[in-house]
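Shared between the two complexes below is subunit A, which pairs with subunit B and subunit C, respectively.
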Partner chain A sequence: MPFTAKSGKFNASIRSLTIGIGDKAITLGGECVLPFYSFDAAIENAPKVGIEITDCGMAAEPESVQKYYEGCTSVTDMAKRAAEFDGVDFLSLRLEGGDPNGLNKSIEELIRIVKDVAAAVDLPLVVCGCKSEKKDEELLSKAAEVLNGKNALLLAAKEENYKTVGAAGLACKQVVGAESSVDINLAKQLNVLLTQSGVDPQAIAMNIGSAAAGYGFEYVISTMDRIKAAALSQGDAALQMPIITPVACEVWSVKEVIASESDIPEWGSAKERGIDMEVETATAVLFSGSDAVILKHPESVATISKLIKELV
Partner chain B sequence: MALKGLDIFKLSPKKNCKECGSPTCMAFSMKVAQGTVSIDACPYFSEDAKTAMREAAAPPMKTIKVGTGDQQYVLGGETVLFRHEKTFVNKTRYAVALCSSMDDAVIEEKLAAIEKVDYDRIGERMFVEMVYVNYDPKSGAVKYMELVKKAAGLNRVLILGVEDPEVARTALDLCKDSKPILNGANASNYEEMNAVAAGAGVALGVSGENDSELYDTLAALEKLGNKNLLFNANTDSIKAAYATTVQYRRAAIKDNDRTCGYPSIVNVAKLARGDNHLQAALLAAFTMKYGSILVADHLDYAEALPLYGIRQNVFTDPQKPMKVEPGIYPINGGDENAICLTTVDFALTYFVVSGELERSGVPCNLIVNDAGGLSVLTSWAAGKFSSSSIAKFFEEQDIAGKIKCRKLCIPGKVAALKGELEAKMPDWEIIVAPKEAVQLVKFLKDMQ
Partner chain C sequence: MGKFVVIGERLSVTAPIINKAFTERDPEPILKRAKQQLDAGAVYLDVNIGPAQSDGADLMKWAVQLLQSEFDNVPLALDTSNKAAIEAGMSVYNRAKGKPIINSADAAGRIEYLDLAAANDAICIALCNGEGIAKDNDERMMYCQTLLERGLEQGMEAEDIWFDPLFLVVKGMQDKQMQILECIKMFSDMGLNSTGGLSNNSNGMPKHIRPIMDSALVAMAMMQGLTSAIVNPNDLRLMETIKSCDILKGNTLYADSYLEI
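And then the complex of A and B:
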């Protein structure tokens, strides 16, 4: 008697969402099965991998990442270089220099960088705000304006600023990222609020929050598992948006990655620790149901891209 | 799956003799189904009927024990497909692979490397629990036996990768008391391998060309009376391996197909084909989705640190929060004169707070209270993180005797405790820290 597995294909599916324009545009979502369950039904669109750079340029990057950008003198140079790395589907520009508790760069300065980067590369763009919800209102609105016609993703609208960021996305025809903090109810509520304020549900991607491997990651797993269950088996339309997860900004600051080789010699190469933390966290996020991940190290990007190709 | 009263009644002697204490066999069957009376109260239930019942009532996934003593591990026994449905119970275990085709120097190096990764994370020892010892027929049985002996010296659970029954028997003679796993049954040798495994009393790993052949071999072994089994995920491709682990687990738990309900072995080393970062990804992937034993080519700290973290997270019981040991945690070289901050023993709180404190670079002492493993506000609401509990904890732990600094920062969310604490701990200057951990870096730097 041969083994015949029952199919776990669902009647509902995740919404498809396109980011970017032209040949390089990417589509997230569309699947009607659990993550990588290609034996149940074909997976419409393979998960996508983005690479992250910041407005702070080389200075903000860990040593092992800097080597890949050798010779770059501006953020634009880095963007061009990043676009060439193996496995990169889209580019994420994090405007962390705008953080009022950090460098507190002016909005004009940051928007200039957004404009330059957008002009230099033809990859789909994700623009991530600074840490302040208040400042993001103006920052992401201006970014939406200068990226007119690029179909970029604004990351992100949060509970505190969704009205402004959502309106900017709507007015300039950009995709809106809805960011919540690892809670299925908050994720759903924000999607509903954004939709009520006029944003097309087809133009929303969720960032449900993340953590580095080992750092309360069980909440990330269960939140994603439950979101996928609600979206697919119960057909909850308010949770059928594809999920995009910034992994880089979580993993490169944990102890396992930043501890120096001289402080804890038995842990070995700091470069390898960084890549493996990023790779394993990204894998776990993808296997929980993320439709896209944002990474920092070119070797992580290549590895995750290879893994996805093997599975879809 | 629990049996219904009627199913039990069908198997009952139907004598209504009342010897069990119940008026009728029907009433007795109902009580057994509810679990209020043991089946053994009836003297006339046949042994066959009892066995049939026990099997029908058994969980869909078998629980397999391997190893002995403090190196004994329980595999399988899962009852749900997702951790939020209840909890996962038996952790994924990791093995590093050795092969008798390897040079002695390589083997020595690998053996030494296996012992290197060994550390503690939130009260759990993290290390490579198993060693996979593969038999290469070209190098011969003698060399293999030497390797088995060497590997046994590590005191980890051995997995013998042997498909030759004679070699398997000799190898088991060397190590069967430590209850290794014999991984080598397939469609063509399963009868002999079954005899060898059963004779030595060890669990048997089964492989197949494809998932159907694997299923048939498992079924055939069950027919021979062996249910101490594990199955190998297909190694043709990553996609095929994932298909085996997911589909078998789902068939067992959702569709109650017990032939699929055995722990899995995934040979990640083979799937990664020498790509170290891909191996790291696969270790994470199969820890998430249904690998019981993962066989790696090697496991160094870079791969282990995130991996064991993921495993700890995946296998945490959602109903029991992870706790850290209460006590003083010096950070950034904080000594007895460094500023003190206090918080709760909920693992996530500890990680977030200690991470931010480390980032600040300011030497300090983090004093973790015993708050029942709850977060700041939850434990405060439950009365487990109050001015009295903090004052009592400080006294019990003799914090004042261990630390000279008298500045104590409390979480911003429990700012209300300031007054009470000042009254109960008059020697201390109580400072209200920010509400969110991310604001700690600025807070500490500003204070300096």
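And then the complex of A and C:
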């Protein structure tokens, strides 16, 4: 009996979503197949790779990353440099200095940085909040205002603040990220709530949560797999938003990455450990359905970008 | 498994207001009812124009174009005993949102509706009935085989034949209800899709009872593997039950707002 290959093309597809403006704008999603199944149907928009810097500048970066930003004296300098690295599709600015339990920088100070960075680079921009949902309401709303016309991604609206952040995205025509911490039902619910509050489903991206490989990671993967399955095989319109996964902020804080070589010599080069962990984590989430990843180390960015180009 | 397919039954000549609108080609009552059904969660809309012997072809064309142009190519079930009207409806049907359903073939005089479905790449409802009501499930399954073979011979995919066990009215045929449910399980065990006019069970009951009976039956039938039903989507209790059963069966992913979507 002849073998007839069954196509894995679905009748449903992930919504396509554009971030940024002009020549550098990127489009996420659009696929009607499982990740990298380009043999079943063309994947029009390959997954995208973003690079992350923070409002804290050089001081917040690990040693192996600092090297790449040598000579930079401001966050804006770093943004310009980051934009030139090989394989960078977009820039992510994490406002971690705003964390009330950390540096607790003022919103004005942070917004100034957002403005400066946006003026310095023409890459699509992702603005990530601090760790406080409350503070993010104002922070991301102000960011949405100063980024007017940039079609930036606000990361993110959460269960606690989706009304305010969603409204800011809607009012200022930015893309809204919906963040659920590895909770598949909440991922769907947030999309429903944002949509009900008036945000266009075409302007929503999901951050369904992440973890560094080894840190509850199998749960991240199974959640992502199930979301893609529901979106494509069940045609669930409330889950057909593209997924963006911040990897850097998870990876660069685990002990396998930050332990020094003198403390644990048998683990080998700290730099390689960090890049390895970032590349491994990013690869896994891409193969589970992330349409974009956010990384920190320029070598990770170049590696993942090459991987994507070879496969799509 | 995919979500349960609700086929809205309210565009039917059995409703005087719709009958009149069909006759007079008056869009307004038809569009109003169509919208109510779609808003409530209907996937397909049944368009029952009756026998429509004189102007069936013209009427079906008009109805298909009216509904599909107003509601983004909403998928439709073309429901009439006038074959030419079904053909005419399909000639103007846009399948962007789903194949047309032909409602319906049976194992007696209307078996050639399957040929029509095969020739037009349509879905066909196959009523497991010959002349008169089947006496037991042996007879229903014999009709099922006959219909399945006919469809496959004509080149249809099995998944495009939706078997209808013929839901029977409780008042008068209470003893047949479990048979029907067992029949659905047999369809399901064979991997077949199924549908039917489920609310027939509550015919003749007081108005306030019907949603309760229909909801109970749909839950039991979905447990047995029913994949679709031709029902009134504006029956809130029924739709809530279907949506909840879809969650429990894993046909759709749970979210707190699942009843609203």
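Rule of thumb we're sticking to: the second predicted complex is superposed on the first by the 308 of 312 C-alpha atoms of A that agree within 3 Å, B and C clash if a C-alpha of one lies under 4 Å from a C-alpha of the other, contacts with A are read in each partner's own complex, and residues count from 1 in each chain.
As a convention for this text, contacts are C-beta pairs under 8 Å (C-beta built on N, C-alpha and C of every residue); 3 or more make two chains touch, one makes a residue touch a chain.
Computed from a predicted model, the values in this text were never measured in an experiment.
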| item | value |
| --- | --- |
| Superposed partners subunit B and subunit C on subunit A - clash or fit | fit |
| Subunit B versus subunit C as contact partner of A:E280, first or second or both or neither | first |
| Cα-centre angle that subunit B and subunit C span when viewed from subunit A, reported as a multiple of 10 degrees | 80 |
| Per-residue contact with subunit A, leading partner among subunit C and subunit B | B |
| Touched partner set for A:T18, first subunit B, second subunit C, both or neither | neither |
| Which superposed partner A:V192 touches (first subunit B, second subunit C, both, neither) | second |
| Which of subunit B and subunit C A:R226 touches, first, second, both or neither | both |
| Touched partner set for A:S38, first subunit B, second subunit C, both or neither | first |
| Partner chain(s) touched by A:L239 [first = subunit B, second = subunit C, both, neither] | second |
| Three-chain overlay, closest Cα atoms of subunit B and subunit C, distance in Å | 11 |
| Those residues of subunit A which subunit B touches in one complex and subunit C touches in the other | 226 |
| Complex interface listing, subunit A residues touching subunit B | 1-3, 5-6, 8, 36-39, 101, 131, 212-219, 221-222, 225-226, 229, 253-256, 266-269, 272-273, 275-277, 279-284, 287-288, 299-300, 303-304, 306-307, 310-311 |
| Sites on subunit B touched by subunit A in the complex | 82-84, 116, 121, 211-212, 214-216, 219, 237-239, 242-243, 246-247, 250-251, 254-255, 260, 275, 277-278, 280-285, 287-289, 300-303, 305-310, 312-314, 316, 318, 347-348, 351-352, 355, 358-359, 438-439, 442 |
| Touching residues on subunit A, where the partner in the complex is subunit C | 184-186, 188-189, 192-193, 196, 226, 230, 233-236, 238-239 |
| Subunit C to subunit A touching residues, read off their complex | 2-3, 251-257, 260-261 |
